[in-house]
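One chain, chain A, links the two complexes that follow: it is found with chain B in the first and with chain C in the second.
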Partner chain A sequence: MATLQLIDLAKRFTKKVWGVRKMDLEVADKEFIVLLGPSGCGKTTTMRMIAGLENVTRGTILLDDRDITDIAPRNRHVSMVFQNYAVWPHMTVFDNIAFSLKLAKLPHDVIKRRVRETADMVRIGELLKRLPGQLSGGQQQRVALARALAVKPKVFLLDEPLSNLDAKLRVNMRTEMKAIHQQTEATSIFVTHDQSEAMSMADRIVIMKDGKIVQIGTPDDVYFRSADMFVAGFIGTPPANFFKVLCSYDSGGIVLKHTHFKLEIDAEKYDKLKEYNRKEIILGVRPEDLLIASEDKAVFSEQILVIEPQGSHQVVALSFEGSIVKMVIPAGIKLNHGDKIGLDFNRERLHFFDKETEKRIILRQHLV
Partner chain B sequence: MASLNLQTILDKETRKKMIPYMLIAPVIIYYFLFWIFPVLNAIIESFKSIEGVWTLGNYIHIFKDPVFYRALLNTAFLVFFSVTIEFILAFGLALLINTKFKGSSFFLFLAMIPMALPAVAVGAMWSSGLATRGWMNSVLMTFKIVDDAGKIIFLAGGNIASMWLIILIDAWQVIPFVMIILLAGLQGIGAESREAGYIFGGTKFQVLRKITIPMLKPTITTAMILRIISAIQIWLIIVMLFGFNRIPVLLEQVVLNVDELGSDFFERIGMALSVIVALIVSAAAILYLKVSGSFEKEAEK
Partner chain C sequence: MHRIIKRKLLRSARISSLYIIVAGIGFIIIFPMFFLFSFSFMSDYETYSEWPKPLVPSFRAEFMIDKDAEGYHLHIYNKADGAFAAFGPLFFTRAGEDLENLQKFIKRQANCAITPSGIGEQLDVVDKEGRVEFTLKKEFLANYILFFQVTRDAPAAVMRSLMVAGFTILISLSIGGMAGYAFARYYFKGKNLLKLSVLFVRMFPAVTIAIPMIIILARMGLADQPLGLSFVYSVGQISMNIWITASVFMAIPVSFEEAAMIFGTNRVGAFWHITLPLALPGLAACAMYSFIGSWNEVISAVVLTQFNPTFPVVVYKSLVGTQGQINLVTAGSVAQALPAIIFTLIIRKYILQMWGGVRV
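On to the complex of A and B.
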C-alpha cells in the first residue's frame, strides 16, 4: 500500500562531488525495483536520501503523495537493510528485531508474536536468544532482514544486502528474498552492482551511471532494448559485442560495411537506418546472437582464443581486430582453442547505436 | 629412527614455545630491578620502626592523625566530582566532534593543547594566573568585570571553594585526554549502527542511550579506570597553588612526609601512606569494574 516518487532528486557532497545528479522515478505499490549500476554511481546515496539519512540538495520525495523530503527517518515508515548488516552487537537477536516495536510501545505479547513471525519467515527462529557475535555472516544478514521486516514498513530498502555473502548463499538468498517479497508485498528498492542479481529479482531495473538514470525498464527491456551502449555493455554475461560499421543504403538494400566483413540486412525491417546512409554507426550483438556458420554462409571467420565451459552452455572468446568478441554456444559442441570458425549474425536481433551519442537507434520493429 | 624423529619435532615445538618468554625476559628483569624490588622494600619498611623492629606503629600513627582523614575526604571529593564532571563534558565534546561539523578537526587540535602541557607547567601557569596580581584578574579588569578594588582573591577561599578551583583546573587539563579516548571509541562503532537506530524509530536521545553508550561501554570503562586512578593521585597542582597542608590530599601527604619532612621517621610514615594509597587505587579500580559489570548483566535481562 505504498507508492514512492522521486522528483528531480539530487545530492551534492562538495563543490565537485555529486552523489546523485538527477533522479526521477516512480515506484508503484508492491513493486520490486532494483537500482543497478557500477560502484560510485550514486545508488547508496539515493537510498540514504529516501531513508532520511542524507539531506537532499534539490528535489522532492513523495511517499503515498505525502512530501517526506525533510521528515526525520523515524517518521518515514521506511526500513533499510545495510550492506554491512549493522545489527547491534550488544543486543540479542530478539532485541534487535524487537527494537522498533518496543520504541513504538506495542503491547508485550504483540511484540513477541511479531518477532517470532518475522524470525520464522527468514528462518532464524532458533537463534532469538543469541548475540550477533555468535552468528555467521549469513545469519546476521537474516537478522538485519527480520529487523527491517518486523516494522511492516511502507518501503523496504536493501543496499547490496547480498554482496558480503559467498557465491552459493548469495544465489539461494536471491530466491528466498523474492519469495519473501511475494509474501509481504512490501514496496521494495534493492541495490546491487551485480547485473545477474538485478535481472533475476527485479520487476523493473533502474540502471544508473554517474549519478543519473540511464534506463528504467523490465529485465527484458534493458536486455533486448538497451537504451544505450553503456547498458548493452553492462547487462548480460557476457555483455554485448560492438562493431563499428559504415551504413550504406541503395535500391538493393542496406549494407553494413566493417573493415573485416560485410553484412546485408533487410531494408524494410531496418528502414530507419536510411537516415544513417554513408554514416558510421555501432552495431551491437548479444553473445547468443553470434552463430556458428558453415564457410559458405559465414559473414566472417576467426580463430578461437579461449573456451569457457559453463556446464549448460559454453562461452567462446575470439580475438577480433585487437578486441575480444564473445559468443555463447550450446554445450556439447566440440571445439578447441585455435580452431577457425565461421560466424553469422542472428539478423532478427541486431542493435544499433548512434556513434556520437551512443544512444540506441530506435527501429520501427520495436514499435510494433 | 622414528623416536629420534619425534624428539627433534618435540624439540622444535618446545623451542617455539620458548620464544615469547625469551622476548619478554628483558622486560621482566627490568620490572624486578626497578619496580617490584623497590615496592617490596617500601612495603617491608613500612612495617618496621626506625630501630628496625617489626611494628604496626607507622600505620597506627597515620590512623590517629586527623589530617589523614581530611586528606582522605578531600581526595574522595576531588575524585568523585572531577571524574564525573570531566566525563560528562568530555563525552559531550566527543559526540560533538564526531558529528564532523565544519572545522571540527581544528577544534580537536585546539582542545588537545592542554593535554600536551606537563603538570608542572599547568601548575605554574595557573598559580601565576590566579595570584591576586595575576593575569586572570588583569583579563577580568580589561573586560571591566571587576575593578582594581574588587580584585578576586582566588586562592584565599575556604576548603570547598578551593577544591572547586582545583577541579576546574584539573578538568581543563584532563578533558581532552578523556575526550580523545571516547572519540576513538565512537569512531570504532561506525555510523551505520546509529543510523539503523534512527531508521528503526529512535530519537537522538534513545539512540544515544540504547545504542551508542552500550556499544561504547568497553571504552568508557577504560577511560573511567584510567581517570579514577590518576585522580586519586592528584597532588602537584594543589601544592603549586596552595603549598603543603592547606588542602591535604593523600599523595600530597606522601610527598610531604617523604620529601619535605624527610626524617627517617616521617619517611616510614610516607611509605605506609603509599601502601594505603596503592590499596585504595586498586580497590577503587576493582570496585568500578564490578559495578559496571553488574550493570551490564542487568541490562541483558
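On to the complex of A and C.
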C-alpha cells in the first residue's frame, strides 16, 4: 500500500564527490524495483537516503505523498536488509526478529505470533532459539529477511542481500525472495550490481551510472531496447558486441561498412538511419544474434579464440580487430578453438547507437 | 629409512631446544615472583638465619629444649644446617615472665603459637628426660597479619587505593570510551593527528610532570586526595583507553547500529541496545588495564600523596624504611599484587576481544 517518489534527489559527499547527482523515480505500489549499476554508481547511496541513513543534499523523498526527507529512520516505515546481514550477534534469532516489535511495545502474544509467522515464511521457524553465530550465512540472511518483514514496512529495502552467498544459494534465494515478495506484496527496492539477478527479479530495473539514472524499464526494455551503449554493454551475459560502422544510403538501400565487412540492411525497416548517411554509427549486436553461417553467406569470418561450454549453450569468443566478440550458440555444435567460422547477423535485431552521444538511435519501428 | 629417522631426530631436537629456551625464559620471569611469594610465608628465622634459603616455606617448625646448670636452653631445627641451633635467650627459667617472653619470641621469630603453659608442659618432659623435641604448626598468614598490624596505615591505604582505581576506571573509561567511539565512527578533519596526539601525554615519565601536577591539584584543592590522584592517572589511562576502545568499536560493524536505527530506535538507543553489549567484553578488559595501571602505580603516588598514601606507597615505604623486614615486605607486595591478579584472571577471556575481535 505504498508509493515512493524520489524527486530531484542528490547527495554530495565532499565538494567534488557526488554520490547521487540527480535521481527522479516513481515506484508504484507493490512494485519490485531493482537499482542496478556498477560499483560507485550511487545505487546504495540512493537506498540509504530512502532509509534515512544518509542525509539528503538536495531533493525530496515522498512516501505515500508524505515528505519523509528529514524524518528519522525509525519513523519512516521502511525496513532494510543489509549486505552483511547486520544480524545482531548477541541476540537470539527470536530477539533479532522481535527487536522492532518490542520497541513498538506490542503485546507479548502479538510479538510471538508475528515472529513465528515471519520466521515460518522464510523457513527458519526451528532456529528461533539459536544465536546468529550458530547459523550459516544463508540462515543469517533469512533472519535478516524475517526481521525486515516482521515490521510490515511500507517499503522494503534490500541492499545487495545476495552478494555474500555462494552461487547456488544465491540463485535459490532469488526465487524465494521473489516468491516472498509476491506473498507480502510490499513495495520493494533491491540494489545489486549483478545484472542477471536484476533481470530475474525486477518488475522494473533502474540502471544507474555516475550518480544518474541511465534507463528505467522492464527487463525486456533494458535488454531489447537498451537506452545507450552503457546499458547494452552492461546487461546480458555476455553483453552486447559493438562494431563501428559507416552508414551509407543510396537508392539500393542502406549499407553499413566496417573495415572487415559490409552489411546490407533493409532500408524500409531502418528508415531512421538515412539521417546518418555518410556518418559513423555504432552497431550493437547481442551474442545470440550472431549466427554461424556457411562460407558463402557469411558477413565475415574469424578464428575461434575460446569456447566456454555452459551446458545449455556455449559461449564462443572471437578475437576481432583487437577486441573480443562473443556469441552464444546451441550446445550441440562441435567446435574447436582455432576453427575458422563464418558469421552472420540476425538482421531483425540490430541495435544502433549514435557515435557521439552513445545514445540509442530510436528507429520508427520497435524490434522485439 | 635412515633418512626418516634422521629427519625425526632433527625435528625432535629442534622442538626440544625450542622448549628449553622457552622454559628458560619462563623460569627467568617466574622465578623472582615465585621467590617473592615464597618469602611472604617465611618466618623471620627462615628468612634471616637459614642459608641457602629454602625454596618453599615450611609448614611447621621443630624445637628442642634441653637444660644444664644455668637453666633451660631453646633450640630450633635449622634445615639448611641439618642440625638444631640455639634459638632465643641464652637460658631461661620456669618463671612466668620468662615463659611469656619466650612465647612472644617464638611467635615473632618462628611464626608459631604456643602458650606459656604449653612451654611449661614441655619443660616437665625436660625435667624428666633431660631433653624434649616438639613440633609446632606455623601460622601461615602471620606475615600478612603482621604487615597490616605493623604498618598501621595499610588497611586505610587499601581503601584509598581501591577508591583511586575506581575513580580512574570511571573517569578514563567514560571519557576514553566516548572519544574512542567518536574516533571509530566519525570522520573529521585532523582525526589521525588528534588520535596520535593523545598518545603524547604518555610519552612523559610520571615523575617529570608530578611537580606541576601537585601544584595544579593543590589549587583545585585535591592534593593528597584519592580523587586528585585518580585525575593524574586518568590522563595517561584516557589516551590508552581511547586507542583500545576505538579498536573495539571499529570491530563492530556500523550496519549493526544502522539496522537498529531503522528498526525502531535512535542513535543513542542503537548504542545502548547493540553496540554497548557487544563492546562490553572489550570495555571490561580496558577497565582491567586502568585498574592495574592505577592500583600498581607508585612513583606519582609517592610524590603526590603525603598523609593519605595509597597502598603501593605503603608497601614501598615499608621496604625502604628502617624496620624493613624482607618477609613482611614480600607479604605486603603479594597482598598488593593479589587484587590485580584476581582481576586479570576474571577478565582474561575478554582480553582477546580488546584488540578488536567481536566474538559471536
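Simple rule for what comes next: the second predicted complex is superposed on the first by the 366 of 368 C-alpha atoms of A that agree within 3 Å, B and C clash if a C-alpha of one lies under 4 Å from a C-alpha of the other, contacts with A are read in each partner's own complex, and residues count from 1 in each chain.
The rule is simple: a residue touches a chain if its C-beta (ideal position, glycine included) is under 8 Å from a C-beta of that chain, and two chains touch if they have at least 3 such contacts.
Note that the structure is predicted; figures quoted are calculated from it, not measured.
J.: Is this a clash or a fit when chain B and chain C both end up on chain A?
T.: Aligned on chain A, chain B and chain C clash with each other.
J.: What is the contact status of A:224 with respect to chain B (first) and chain C (second): first, second, both, or neither?
T.: In the superposition, A:224 touches no partner, neither chain B nor chain C.
J.: Touching A:261 in the superposition: chain B (first), chain C (second), both, neither?
T.: Neither partner.
J.: May I ask you to decide whether A:104 touches chain B, chain C, both, or neither, giving the answer as first, second, both or neither?
T.: A:104 sits against chain B and chain C alike.
J.: Which partner does A:82 reach: the first (chain B), the second (chain C), both, or neither?
T.: Touch partners of A:82: chain B and chain C.
J.: Just checking: does A:133 make contact with chain B only, chain C only, both, or neither of them? Give me first, second, both or neither.
T.: Only chain C is touched by A:133; chain B is not.
J.: For A:249, decide between first (touching chain B), second (touching chain C), both and neither.
T.: neither
J.: What residues on chain A does chain C touch that chain B touches too?
T.: 51-53, 72-74, 78-80, 82, 84, 86, 88-90, 99-100, 103-104, 147, 151
J.: Going by the contact rule at the top, pick out the chain A residues touching chain B in the complex.
T.: Within the complex, chain A touches chain B at residues 51-53, 72-74, 78-80, 82, 84, 86-90, 92, 99-100, 103-104, 147, 151.
J.: Which chain B residues qualify as touching chain A in the complex?
T.: Listed in rising order, the residues are 190, 192-193, 195-203, 206, 210-211, 214-215, 217, 300.
J.: Name, in rising order, each residue of chain C that touches chain A in their complex.
T.: Residue list for chain C touching chain A: 253, 255-256, 258-266, 269, 273-274, 277-278, 358, 360.
J.: Within their complex, state which residues of chain A touch chain C.
T.: 51-53, 72-74, 76, 78-80, 82-84, 86, 88-90, 99-100, 103-104, 131-133, 147, 151
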